[in-house]
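Letters are used for the chains, namely A, B, C, D, E and F, taken in the order the chains are written, and counting of residues starts over at 1 for each.
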Amino acid sequence: MEAADIAFVVICAAMVMLMTPGLAFFYGGMIRVKSALNMLMMCFITMGISSVLWVLYGWSVAFGTDVNGEGGGLFGNFDFIGFQGMLDLDNTPELLTIAVFQLMFAVLTPALISGALAERVKFSAWALFVAVWVSIVYFPVAHWVWGEGGWIGGLEIDGREVIDFAGGTAVHINAGIAALAAVLVIGKRIGFKKDSGMRPHNLPMVLLGAALLWFGWFGFNAGSELAANGTAALMALNTMVATGTAVLGWLIYERLRYGAYTTLGAASGAIGGLVAITPAGADVTPMGAMAIGLVSGAACAWAVGLKYKLGYDDSLDVVGVHLVGGLIGTLMVGFLAIEVGGFAQFVLQAIAAGAVLVYSFVVTLLLALAIKHTIGFRADEDAELTGLDQVYHAESGYDFSQSGGGSAAGSAGDRIPAATQTGDKKVDA
Amino acid sequence: MEAADIAFVVICAAMVMLMTPGLAFFYGGMIRVKSALNMLMMCFITMGISSVLWVLYGWSVAFGTDVNGEGGGLFGNFDFIGFQGMLDLDNTPELLTIAVFQLMFAVLTPALISGALAERVKFSAWALFVAVWVSIVYFPVAHWVWGEGGWIGGLEIDGREVIDFAGGTAVHINAGIAALAAVLVIGKRIGFKKDSGMRPHNLPMVLLGAALLWFGWFGFNAGSELAANGTAALMALNTMVATGTAVLGWLIYERLRYGAYTTLGAASGAIGGLVAITPAGADVTPMGAMAIGLVSGAACAWAVGLKYKLGYDDSLDVVGVHLVGGLIGTLMVGFLAIEVGGFAQFVLQAIAAGAVLVYSFVVTLLLALAIKHTIGFRADEDAELTGLDQVYHAESGYDFSQSGGGSAAGSAGDRIPAATQTGDKKVDA
Amino acid sequence: MEAADIAFVVICAAMVMLMTPGLAFFYGGMIRVKSALNMLMMCFITMGISSVLWVLYGWSVAFGTDVNGEGGGLFGNFDFIGFQGMLDLDNTPELLTIAVFQLMFAVLTPALISGALAERVKFSAWALFVAVWVSIVYFPVAHWVWGEGGWIGGLEIDGREVIDFAGGTAVHINAGIAALAAVLVIGKRIGFKKDSGMRPHNLPMVLLGAALLWFGWFGFNAGSELAANGTAALMALNTMVATGTAVLGWLIYERLRYGAYTTLGAASGAIGGLVAITPAGADVTPMGAMAIGLVSGAACAWAVGLKYKLGYDDSLDVVGVHLVGGLIGTLMVGFLAIEVGGFAQFVLQAIAAGAVLVYSFVVTLLLALAIKHTIGFRADEDAELTGLDQVYHAESGYDFSQSGGGSAAGSAGDRIPAATQTGDKKVDA
Amino acid sequence: MKLITAVIKPHRMDEVKDALQAFGVHGMTVTEASGYGRQRGHTEVYRGAEYTVDLVPKTRLEILVEDEDAEQLIDVIVKAARTGKIGDGKVWSVPVESAVRVRTGDRGPDAL
Amino acid sequence: MKLITAVIKPHRMDEVKDALQAFGVHGMTVTEASGYGRQRGHTEVYRGAEYTVDLVPKTRLEILVEDEDAEQLIDVIVKAARTGKIGDGKVWSVPVESAVRVRTGDRGPDAL
Amino acid sequence: MKLITAVIKPHRMDEVKDALQAFGVHGMTVTEASGYGRQRGHTEVYRGAEYTVDLVPKTRLEILVEDEDAEQLIDVIVKAARTGKIGDGKVWSVPVESAVRVRTGDRGPDAL
């Protein structure tokens, strides 16, 4: 790997890192104020959990040489446990470069799921879910698609290979269907479909999140080339084009159906477009990217209404945006791909998508059930009504009162911070 | 183009992309809460519109080979319509790289204008304005300055050429004077000069916007070298120096005149400095950059008061900051440029600035008049008083109430989201 | 310096630039609403002051060839005053590249201190403090550690050298101990330990700041290699790993001791981890980075309680996070460093840390005393109670009222902006 | 005429609104408030400092009614707002001397 | 003494303040409120869900006045706040038993 | 029963709360408010426009008390809230006809 490529990919990794906080703001702004911090924390905690597991075994499972040999391709070997044997800096800078870049994907993917579970799960149960889910779903699936010897990456029909440039299957379809499985187990928020107050508490924050995601996604998409070249440039261009078009697609749909161009729609359309172009952007023309953007923007705008009809409470539309957007991108590139596009390619794409769909759905369902029936997944009713911020995080999101802690969010009455009184004993003793 | 330069420019493109949301926050925070989302959306929508037009014909008009031949230089040919013939990834990565980088400029420039029109125009009229304005003003002017054969880029006096490294004329003077033309047509906000409530609703958001703009501007300025070399490094250094100095310049001016160092002044000074160094930063010493920063900071601080004296309502001071800052940078570099600086260079700069001033002002004025007399440009009085967020976007920016939708921003009374009742029919039928 | 390295470092510089606004939000969100803008401004102003001084003499003092010759190593010469003689762009691009990168460190370091002094100092006194402090503390210390001939950089025991890859001593220990010295002079906030309202006014803003810091820190840490290679990649990976682990470390500590996982704790843990990995990340394995992260997260969580026990009012825990985190990283790498780690290395590290500790503490104490007894450092009591935003910045942070300027933050009664009445005379006359 | 003021738990707002509508009250004025009382607050933790927060969020309603409806309305609100747990709030009434509808200048019962 | 409470449209605040000043009232207390009434709200749209928002932003003023000024003051407010469109708000007065200026301890009319 | 309303400086909140507790009052309802009065505001500066802001932040307390405690309670609040500087606020009381505790339906003194 050349210095230019290392420079490119390391900076792209930092950009992808920023996507997880971006997602936190995107989701957090959509939540009612009383559980907004919880939403932020559900995203942030993945930065801790996935990082640790990545070092311990995640990198090895996902990117170690395939352990099941030819035709197996289910997960990598354990040669890199604890990153051993990878620190020959002069000769293998690329392993480290890819490792830090791909770590960010392992952080982001479980965070994506959190939006579906918003406002109603135990924080500790969520942390456990993340730890197990990345281990038994994400790491293996990443191996299938990108690992050396992974079976999806190795599929071939007529010399054609599955196109999943930056993670339509491994990231978005995977997270989207897992979100569906999880909410089926967890159930609906109190007041779902009825409560008049379930609206975003901070739309500028949603837009901030969308903006950081959009920015970071250039790293996610173009960086996936792992080199600075024409393909990376095309991917970057198509990322912008598809996303911009998807914003228009969503807004047009909303204008026709509801008579308004909403801010939330613009932000959501952007994410829909980004999701859809992720697998496809390196293999289509800018005109093709526009088509993908337009379709994904409008289709996601339609799909977010499904939960009301079908009755599952995917709070922040992880299914409607990531699953639907991911499928659109993965399947449309089957037809639109430069040179190879066509029915055969479409079938290949469908197989890859289907395999991830089934595996992720089944395993996530079992995992969610296991958590539900052991430590319990759902917050109790009181916590949900009061707001999770207070219950799990002992905090309030905002205090704009001049008296400091005055009205809106309560004020501190015990005027001597406990730490000075007795608290310190617990530790210093 | 080498891999290092592709890496550099693609990442700079992502950074410039972030400037448009940055601008949205910078502007949005300065607006009263009731129209803040509208302000954000006026910026965001340019990411959709300009992206689509760029693919369709914008890139070709701006960067195609000049169609009017020697001496004409008014706009490019149409060889790249729909980006055809550009996808030879191995041999022409630089075209795609420049295309994605320059797309971001075509997104940002119309967004700059929106600040002047804040809180009082129809959203659809604004969208139309953006689409036409980039087509007949921005794309041609970009061609003049940067396109192959563009007449401003080709000007020569005594072997000297116009210096506009990253867009003092094409971006800032262009947007600034267009803003003036537009507000002259559109008129003042209800309550301009009188209303006591016209103050920023969220200053930290303004600062966030300024910070993102400042960050992205390194991509904008240094990236305009289209290569990673000493000139890019100098440009980056001067960008920091001029901006920091401009912050001081604005604050000192304010302290002397008003007795306070305002946060809004610090943010505004930063933008003033960034604007002024844009054309100049690659051609002056750091000491020269300090001079440009100091003058632009103080001069913009003075210029934002002009609207009260002269009576045009440039709501968020696009004229006072972008036009004035752009002129200062473009003209000062005439004298300060390393080696070539002097009166001849100054004249060249003035010609370039003047040409853009006149063209952009006249065409924008006609365009704004055309929109005014066809679909209408201005929101009706009720919408302006109630706030545009509700009227055009069917949303409220914030809801911090614990009851969710309780007081400050209203609560939803119809307790069954409409989509579940009848709404879906519209589409599924 | 190759193009790839220039590309890398220039972009890293932009990322580091974003850390100062990031810090502003991180700090600003923790403050009561009435002084939040002041906190933001205390950070922002360093972007102006340090930039100007850097050009004038800072770069030369810090990175000029050592003026005291062998064995001295106290500060650089003045050959680069005003950046003279550095503009041979083709031959010395690296000097400019390093200059812009290192400028960002000179901006950030004094800004770090501001958190300790929150809510109670005169803005002008702070500005003066920054200007003098960077001149007599930061520039020399940076020279010691990184300058050509600096004495800490030149220390050697048994062929071992001090490890301070990206600034554990020069940046974090330096700022942390300076913060302690300053608060000892300035004294406690009114209501410290008693006031029930001293809690963060905007936790999402704190998280935003932490996220921007985290992102920028990749530039800070990996960019310090000044080249895109395996070491930079390892540093980036370790930055992520240590930070993620530190988040967990802090949260686990809090859960055990207080029974809650706080958002503020997650954000603080991240910063603690980032601080600790700064000196160490290029010299430890990812497992070592995890150890550093875990220890720093938990130790900082404990250390922030010290101020209540010992009675100094380090408002936003600059001591507890930057000094403690910086010491942990600087000392732990003594044992953990690949190959060279051991007691000898630890001693070397301790000497470097101790020297900076002593120098920075003493000089800062004298400086703070000097300011206190000349222009005065502390805001008067009324200003502190009313809030510094109004007094020094003539602004209010937020106005969410629909009447615009209605209740929570006061409304403007003088309905004709003063500028239109008489104000302009002051300048135009 | 009477002015009924009710301080209730925020999440009972929808129920109270429905009950009022059913009772035939078509207007009220709402403010965000916070309450201090038997319902002791919770503990918040900020970097090693524990605060017992004793103000809890409440919603405050003001409703003008004709004298004869006052007592009954109070009952309606009390019933709708009740969860049975501590902190459910208070309802009180004060006498009103005059009331005017701004739009029309109507006074007394017509102002409602 | 009387306590006049006025609930008005936020954008009439400046007019009312001017009218009060002209009338000679030099003090009041203002709170942000929201109103529910004949003026039905608007529809908000969030990702495929339409909500009819029926609380609209209002500004709430409280003014202590001497008995003899009360009725006249009500008229002044009503006039200044009126736009003639639905939702202009209400003004009402209640009797006050005692009032004190905190700074001085002055009671009754002197407290104003 | 009486309803005491106090408008005070926000930073006196803690003192007033302590004084109330000492006096034996165990409940109140608090709202954020802003006041207009003798205490003239400050000037704010936004890009060349100076605004004289004449609404200053206040905290507004409502406390229901039995008739016999009312006067004494007013004194307690006045004392605790006083700084002696302009803008310290007002305290007033109005008569209450009935008061109910939502949780139990208790009326009168038992509702407190």
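Everything below uses one rule, namely that a contact is a pair of C-beta atoms (placed from the backbone, for glycine too) under 8 Å apart; a residue touches a chain by one contact, two chains touch by 3 or more.
Being a predicted model, the structure only gives us computed values, none of them experimental.
J.: What chains touch subunit C and also subunit E?
T.: Of all the chains present, those in contact with both subunit C and subunit E are A, B, D, F.
J.: Determine the centre-to-centre distance between subunit A and subunit B, using the mean Cα coordinates as centres, and give it in whole Å.
T.: 31
J.: Indicate the whole-number Å distance between the mean C-alpha point of subunit D and the mean C-alpha point of subunit F.
T.: Their C-alpha centroids are separated by 18 Å.
J.: Between subunit C and subunit D, what is the gap in Å from one C-alpha centre to the other?
T.: 48
J.: Send over the residues of subunit E in touch with two or more other chains.
T.: 11, 13-14, 17, 30-34, 44-46, 48-51, 55, 57, 94-95
J.: For subunit A, write out the residues touching at least two other chains, lowest number first.
T.: Answer for subunit A, listing residues that touch two or more other chains: 2-4, 7, 11, 15, 195-200, 202, 208, 258, 260, 262, 264, 302, 305, 308, 394-396, 398, 400-408, 411-415, 417, 419, 423.
J.: Select the category (line, ring, star, complete, other) that matches the graph of chains linked by touching.
T.: Topology of the interface graph: complete, with all chain pairs in contact.
J.: Can you tell me which positions in subunit D touch subunit A when the two form their complex?
T.: Residue list for subunit D touching subunit A: 11, 13-14, 32-34, 41-46, 48-57.
J.: Going by the contact rule at the top, pick out the subunit C residues touching subunit A in the complex.
T.: The touching residues are 2-5, 7-8, 11-12, 15, 32-34, 193-204, 207-208, 210-211, 214-215, 218-219, 222, 227-234, 236-237, 240-241, 243-245, 247-248, 251, 257-264, 266, 270, 285-287, 289-290, 302, 305, 308-309, 338, 387, 398, 400, 408.
J.: Spell out the residues on subunit B that touch subunit E in their complex, using ranges where they run on.
T.: 195-197, 385, 390, 394-396, 405-414, 417-419, 423
J.: Where on subunit C is subunit D touching in the complex?
T.: 196, 198-200, 254, 258, 260, 262, 264-265, 268, 301-302, 304-305, 308, 317, 320
J.: Subunit B touches which residues of subunit F in the complex?
T.: My answer: residues 44-51.
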